[in-house]
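Quick one: the structure is below, and I'll ask about it shortly.
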């Protein structure tokens, strides 16, 4: 079927490619004309403006926005007068699910359907397919089924789940209608929260292995620094990159994230090109907010979020207060190293 | 080659089966004679005593212990007088790596080699292969290479790591000589710590999704319980088992653990058969101890361990102290529900 | 000066008593007529309705609401038509600071001033005085200075801060104008978040001391439960109530909370009357939400909040998922005990 | 009575002064002769060597070691041949309680009694008194009662605990015999763990208040950084030093630590002289180890310890791994700021 794509960054462009490979027709638009031309060469229909874009789409139209979260709302506002009843707009980016709820309500009086679609898969999705978590009304979500099916990895991507007895449902193909408006981005948001926790667990573990040589390094011994009581218990110089590689095979922690970290460590065993300032792009913090609201204890995901904040130096005042207290009660001066 | 296996529980028996399938010969021993006979029927050589067992092994002998951690030391003590110089004993169970260090020193004067081998793969390893993390001297570890190669999943189990340029190394086959005595169980220990953190992240995330219906359930409103400020933001009744299924395909959190949880939820969407008392078998707590000793911050793995303790009611006195303080300063009585 | 108090629960009634003791005149109102009569006997002027209440107040009126958070808004809505320009309404309860912002805006067109006042001190405040954290415009806050001064503990309550050089400011008297509308409840909210963390630290510590006898108790040893490696290191049966008592004197952790826990443990060393279900009344969770929004790492306060949730069984589904995963990969059945 | 003090650093010297003020006689020794002379001027008996020191003590001798943890054992080894049966050696420093157990066993065959005494109070103890947590045999601990009573703050230091009915016990005077050898330092160790948690709660809270101006500061908006959704909710520029001051009076978080932080902030509102590298001197990490061993969940104290590690940059490799994973799956480059 035909889809119009607005936003031709890495994700948007790859979605278009994956769709065209499977026989779908795409109309593409982006403020960056080079991005448009690039996909035109690959077979897409180029649009020169939002007007041109909506004109070139068959009705009822199917549109997909793959835009930075901050650009979605103004784009929608521009689109509304150009659309007609029964058109469907998919927001495939990382919008906050509460914005989805508001946008669905904004479009409803115009008869336009709004579908939120959390899209996981990153730069590898073109080949691997994207995991799709979808929210919105039944009919428009069903209508776009052929597109979702193409974008998702399909059943061949993983072994069937042995205990699964139900024959219906699209989850084994890699896409899922999770519920009404916002439900898709809600599930994607939590997916990213889980990702934060899994990443942290892997990273902490590799760091503990890397520092298994603690007994070989001398440590300053003074009243302010606890010495290592049993240095003989930490004599190991372990090749962390090989550990990540071996964990890819048959272990309980086997996962795509371990695959990725093995790749990164194979390229750069000390990860010298990184400073360790870990960004967070919203979903992790929203997950923590949801957990607090729902009264669900989420100590691990919360700790992973705090760890990212600390990696960026955001705990500085807290730490100064701690040092100041130590200075007050113990006369402890801070140590240079 | 030939291997002698002591301990024919699920793990030990499946190791023997996997070895025999690949043409290795196994001598087997267990206090449970039925377990011995079962494997004899499948082609193994049965031993009726430790004496008989060591007699039936070609020299230099290769032995593998697959025993509960508490039984390893007494078994070793019995074995020493029955073994000869240059024999190799592998401890494939979950021993604490510090015990490995001591045992290697205990065996050294007898010329017996001790190899510690962390074995991950659980009940699925027979088909899938086991990830092996190995510690000990170079020569005996190399000598047992053919056995490790059979037990491990092999390179076919996962795509090659794109960034990997080194041609040597056994990690891509699923086994790794990590370092001297204890290094294998050290890496396996941390592997399990990582497992705790990953499991917790997945479980918390699914729980947050399950409770996305918080706005539909009424909550008692009184001075002691915070009401949900925006119930309209939590209107979703999401099928958690389908979410786990879809996350298996193309998502960033795709992993064997997500495969397993999808299976468990497919069988029992409410997990009614579980009470939620989560055991811990040592490696997680040892990982936290190592992190503390090494001065490596591990907030996520530490939180995952505490969560398991709390699941078993071990925070009870702490919680009573909290309630007592609230009673003291606020006159707050505890609530029944 | 004169103050009208609405809400004569424990806190409201004690505020009235403390004010009258210091010569202020109070008009009191509550739906509970007994509460009104009780204070009338003690010298307050009773009001029989909101109408009667506002009639009996001198203009410009000074009103104080000491109500459950959920009752503040409807009470304000009823009061507005009964009030006049330049009247001041203080919300002394535990409102969310964002509600303060909205209420101040709601009252502004009527010329009515809104002051939010976080009030800490609990059931002991009558004698000890209350710590007041105040938000609102300069003039009305200054106008109510004599009331705040009476309610607060005063400078005699604690030694002067040695390093303090500024002579101005009311903080040493125990009340502080923190900033514009909402700032008072914001600071009080965070105060309670700090309280959660301090309480948790004390409770965890006492629990670790109580369980210093772990080596004396036998533990089941099996593959699912880690045995205590060095039971001889945990041979202590320590009287936790005496520890709390001694910590009250000269220690670094000396605090009102330690005073309270010492009292609770003196009354009931095992705290048998508590079940350990620890309520949370909103401020702790709001503090975590603020930290997340502000990008401030708050791992300790977040952990304290999660701990309270877990104490109430809210981690149940998470724990079931963990047990289910263990069952899947290890064939581990849950343990009964 | 007479006491011999070895180690005349700040703590040791002040203990001697406090004892002499109350009429006790002290023999003092330190490798630093200036420290010895200083106290000689104040009335102590100077010793020029360990020999001279033990000669000048009446038998049975009472000795107190106030030394860095690493110096205790060699000093004890030197002392043993100079001591006699029934002498008592107090270790008043911060030894690990397991070392106490070993030392008590080392001294026992010589008939020398070993008493471990955790001493809290810091630089303020001379005036305020020290909280003493004591381990060892009944008789020698009782014998030193007059010394402990002088060193401790005494009952005047805090109000009596209302619920306390037992008339016996020394805890209200500020010293406590906690149990056999090691019990004193065990309780002191946990005391410091509690201190870590309380300090962290206070520091996090003040940091959240300091950043209540987050809505006034602009933040980079891009795909890698979550924007603040509701900047209007964070408009406050709150004077954190005044908040600390007001919390000293009548609030639930009132504590010596809040007194200290108020002092530090009064001297330096931005704490510019601190870098925020927070040391840890052993007790906090030992507390976490004990909690893990005892199976007591201690998420808050554990988080506080991890926070200190992170403040010193010890999470660097972990953070690099996180950034590397983000780079792999999302093509996210790290951000400079």
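For reference, chains read A, B, C and D in written order, and residue numbers begin at 1 within each chain.
As a convention for this text, a contact is a pair of C-beta atoms (placed from the backbone, for glycine too) under 8 Å apart; a residue touches a chain by one contact, two chains touch by 3 or more.
Which chain is which protein? Per UniProt: A, B, C, D = Decarboxylating 6-phosphogluconate dehydrogenase.
Just so we're clear, the structure is a prediction, and the values are computed from it rather than from any experiment.
Relative to subunit A, the chain whose mean Cα position lies farthest away is D.
Distance between subunit A and subunit D, defined via averaged C-alpha coordinates, is recorded as 44 Å.
Look at where the CA atoms of subunit B average out and do the same for subunit D: the two points lie 38 Å apart.
With centres set at the average Cα position, the gap from subunit C to subunit D is 28 Å. The set of subunit A residues touching two or more other chains comprises 122, 200, 202, 204, 207, 211, 229, 252, 256-257, 263-264, 285, 293, 295-299, 302-303, 306-307, 310, 315, 318, 329. The touch graph of these protein chains is complete, with an edge between every pair of chains. Across the interface of their complex, subunit A is touched by residues 98, 101, 120-122, 125, 128-133, 152-154, 157-159, 161-166, 169-176, 178-180, 182-183, 186-187, 190-198, 200-202, 204-205, 207-209, 211-212, 214, 228-230, 233-239, 242-243, 245-259, 262-264, 266-267, 287, 290-291, 293-304, 306-307 of subunit B. Residues 10, 68-70, 94, 96, 122-124, 199-200, 202-204, 206-207, 210-211, 221-227, 229, 256-257, 260-261, 263-265, 268, 271, 274-282, 285, 299, 303, 307-308, 310-311, 315-332, 334-335 of subunit D are the ones that touch subunit A when the two sit in their complex. Across the complex, subunit D meets subunit B through its residues 252, 285, 288-289, 292-293, 295-299, 302-303, 305-307, 309-310, 312, 314-315, 318, 329.
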